[in-house]
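Each of the two complexes below includes chain A, the first together with chain B, the second together with chain C.
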Partner chain A sequence: MSVEAQDLKLLANDNRGQSGLENGSGLVGWEEVTQGSVLQSFDGNATGIALKKQEERAYSGYNSYTATVASWRIIKPVYNRDVCIDCQNCWVWCPDTSIISRDKQMLGIDYDHCKGCGVCVEVCPTNPKSLLMYGENTPMEDALSAWPEKKKKEK
Partner chain B sequence: MAITSVKNLKEFSTNNDRLEGAHTLCPGCAHSMIVRELMNCTDDNLVISSNTGCLEVSTAVYPFTSWDTSWIHIGFENAATAVTGAEVMHKVRKKKGTLPDNDAPVKFVAFGGDGSTYDIGFQWLSGAMERGHDFTYICLDNENYANTGGQRSSATPIGATTSTAQAGTHSYGKKEKKKDIVAIMAAHGAPYVAQLAPNKWKSMAKGFQKALETEGPCFINTVSPCTTEWRFDPKDTIHITDLATESLMFPIYEIIDGHELNILYRPKNIIKVDDYLGAQGRYKHLFKPENRHVIDLIQSDIDKYWTMLQRREEARI
Partner chain C sequence: MAVKFDLNEREVWDGNYAASQALRQADVDVVIAYPITPSTPIVENYGSYVANGYINGEFVMVESEHAAMSGCVGASAAGGRVSTATSSQGFALMAEVLYQASGMRLPIVLNVVNRALASPLNVRGDHADMYLGRDSGWLQMGAFNAQEAYDLALCAFKIAENASVRLPMMVHQDGFITSHTAQNVYPLTDETAINFVGKIQPIDDMLDFSRPITYGAQTEEDWHFEHKAKQHKAIMDSMPVIDSVFAEFKEITGREYNRVEKYDMEDADVVIVGLGSTVETARVAAKNMRETKGIKAGVVAIRCFRPFPYEEVREALKNAKAIAVTDRSSPGGAMGAFFNEVSAAMYTSINRPIVTNFIYGLGGRDFSIEEGERIFAEQQVHADAGYITTEIQQFSGLRGPKLAFFKTERS
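Take a look at the complex of A and B:
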């Protein structure tokens, strides 16, 4: 996958990661919240949300989907499509819902919600790995152009 | 019930997540791996309640929620009480026909940490199990009160150092053994009780589905390695869980109707508990010569428990 494709918002028309945790939309001090107020996590009817993909959902500004924790990261996973076998190990074990998979294919990383724990890299079975950790500020092209070669099995 | 396919990971991955990112659990925390899996193994509507603890406070950071389901934020002890109250209300309204959609399938689930499950919410949980509600209780067992700084709970194993049972020159850490919550819940006669682990994603998903499908109160204890209090690198959460299941510190099994026991995972090469303990900072002091007897005790308890599980399974009663 090209660097541009990894960098762009993988999901179209999407309000993912717009606000920091400290400045959510419509935030008022707790003492101003009146009894009985309702903060809806979706705009409009939320029926059947399990059958909708993230890009089809109308997330409200109170859903943490619209917030970001990107600033927590000091290292980031970089994804190399060329080696990936779409096994979905990274998807099932990511604790931050940050592996974007659609139709059995791994598409990339949700950098608004990834905290850089490195679990996805550890569980990636390919040789060389399809995911590797780099410093947060390492440019994608530098990481991808210096991808390690296949390692021989140690005896 | 609309269970989703868990035939293989590729099919499982076509589910649409219902626990959103930008919660504030530590990087590498297993709590959210377990919760995501529960929510991905069904398409049914879910009504979930959480006892106070890391999961609860981290997924409801004002003004945000990370839950794409109905979710009840409740005290330290009453997740079981709250969700079974909702379950009764749902039953009554269904009977009266006053629900917006009377046919929509709904499942009721409670999450609690070990502190709330084994200790503080114990009688509330026991009551809900005994009353026979149709719900599933899932304990996220990280063997300590993580959210308040790592105090010992009755789920903390002997020998672990915690902020209230510290290892030092005169102590090897916690002196008491871990409470056997799975046996206690099975003794309630619950139709489905299990111990599951996130590294074995398939047996965990299948166990969750079984619990959701089973009518009546079900209980599942899940191993939830805590990178902060167990003291290991966040990237190693699944590796640590592997060591837990390969050493049989956490055997994976289910008990049906309070008596029929099935082992769900048998390690090919059982590893020594030293490998599991040695990978975590909370057990570091046990490797001093004067504490060797504690490791030996843990190992012999594991061996005995595994023998007991196998005999119970063979007995087919």
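Take a look at the complex of A and C:
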């Protein structure tokens, strides 16, 4: 599995939620901010948005989904497709919905929103685990090429 | 369809009952409440109207006033017409959420039956709770009797929900003196009342699933200042809307309200400025001074505490010589807040009359007609001398040695 496929950058950018709040000469003034600091989550009519996949949704520039928190992370989960059984445990447990799964097949990690908590590794039931934590700067190739072997049951 | 509530042209209601009838007639969708003396009957009555089918609404009981106002924030953000009531410590516990509500620009109407804040514990009325809310970004109006508590509660929905205002509003009445004193009240018919208030026009309602939104987003130094400035501008800009709602109310009822009320002010030299039930006492004292002493006494009452009506106060007091501003809240190491505001208005006037401060009536201590007369007489002494002959701040109606602070600097 290629390294690129694991880094599913979807929509994020490091804009602190400020996109759309600029008026050409800098940030807008008090007269242009929204009443009640109300922010719209999606552009256009969002009827039925819950049934759409993330990449199909028109997230607005104010939506936290379009901002990344990758810089908060010091360790990252690395996913090994060769061991995974698509049980969806990590998808269920991830507190930041950063496990990307489609049609019950695990695709990889949303590294824009993963904060490196390691819950996915803890709940992974395979032997060896299909997800392991590595230092943020460890290259994917190094992690995947040195994946642990299956542990034998101790008698 | 709600059961019809029979009303007479003239009812005998106390301030609490009057306010609760306004909530029924305004067709309030949700009341979320935690009861506290002396405001309890307002929400209790609304609950009974729901239970007995007089209104199609929701009455939600919660575990604290913090939760009550939090629930109101949620229901109002959802798009409903929302109200509740509280007093004193309950108000204090709501304080955090009051700022949330105003910052989110949610037009909740809060009936505040003013009561002193402990300690020492006291269920009686002073304005400590009202003053606690004065920087919270809510509009604040004062009712001086039961009729006004009813009238202003109806007006409050119309003002708060106005598309150009969209701010929460408090309607204050004095604990027990107003809330528990039965008086003649002339209610509107249900039909007239709801036609006047109108249906709520939701803005940014969270039940609009075609447009999911976040309320009160995190801003930090990038945006917080701009949002608070916009909110302050909206509060200041609400003044003409309040005036037009009062004008419309007068058309249908004949009852006139102004952001600043004036009594015997055509030629008054000496004036008491106050709000709450004290105003009626001061008016009697002013009449007595005119009849028995020939002193031209008048009363100015602040109907609208926030936004503070600086221009109208200045206009009302422009020919006054000596003004006593009465604060019914322990000032905690300063002049009364009310005094500061009236002084700010008068310092920028051409006339610059003498202004002094009386702290009175704390914890429900009666403000008597005799004390009002004494204050008027003292103002006349200031006016004749041309300077403040006493300390600037005095305690009125207090037992023990005279307590007074701060004198005018004179060469």
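We adopt the following convention: the second predicted complex is superposed on the first by the 123 of 155 C-alpha atoms of A that agree within 3 Å, B and C clash if a C-alpha of one lies under 4 Å from a C-alpha of the other, contacts with A are read in each partner's own complex, and residues count from 1 in each chain.
The criterion applied here is as follows: a residue touches a chain if its C-beta (ideal position, glycine included) is under 8 Å from a C-beta of that chain, and two chains touch if they have at least 3 such contacts.
In this text, all values refer to a predicted model and were calculated from it rather than measured experimentally.
When the two complexes are overlaid on their common chain A, residue A:S98 makes contact with chain B while staying clear of chain C.
Contacts of A:N89 after superposition: chain B is touched, whereas chain C is not reached. Shared-chain residue A:V38: touches chain C; no touch with chain B.
Annotation for chain A, partner touching more residues between chain B and chain C: B. Touch criterion met: A:D110 reaches chain B, while chain C stays clear of it.
When the shared chain is aligned, chain B comes close enough to touch A:V119, but chain C does not. Looking at the shared chain after the overlay, A:W72 reaches chain B, while chain C stays out of its contact range. Judged by the touch definition given at the top, the superposed model places A:K52 against chain B, while chain C stays out of reach.
Applying the stated contact rule after C-alpha superposition, one finds that A:S145 touches neither chain B nor chain C.
In the three-chain superposition model, chain A touches both chain B and chain C at residues 17, 21, 27, 30, 39, 41-42, 46-47, 49, 62. If you check the complex, the residues on chain C that touch chain A are 103-106, 166, 203-204, 209-217, 219, 222-223, 225-227, 229-230, 233-234. Against chain B, the residues of chain A that register as touching in their complex are 17, 21, 24-27, 30, 39, 41-42, 46-47, 49-54, 57, 61-69, 72, 86-89, 91-98, 101, 103-104, 110, 112-119, 121-123, 133. Chain B meets chain A in the complex at residues 9-25, 27-33, 36-37, 42-45, 59, 61-69, 101, 104, 198, 201, 233-239. Listed in rising order, the residues of chain A touching chain C in the complex are 16-18, 21, 27-31, 33, 35-42, 45-47, 49, 62.
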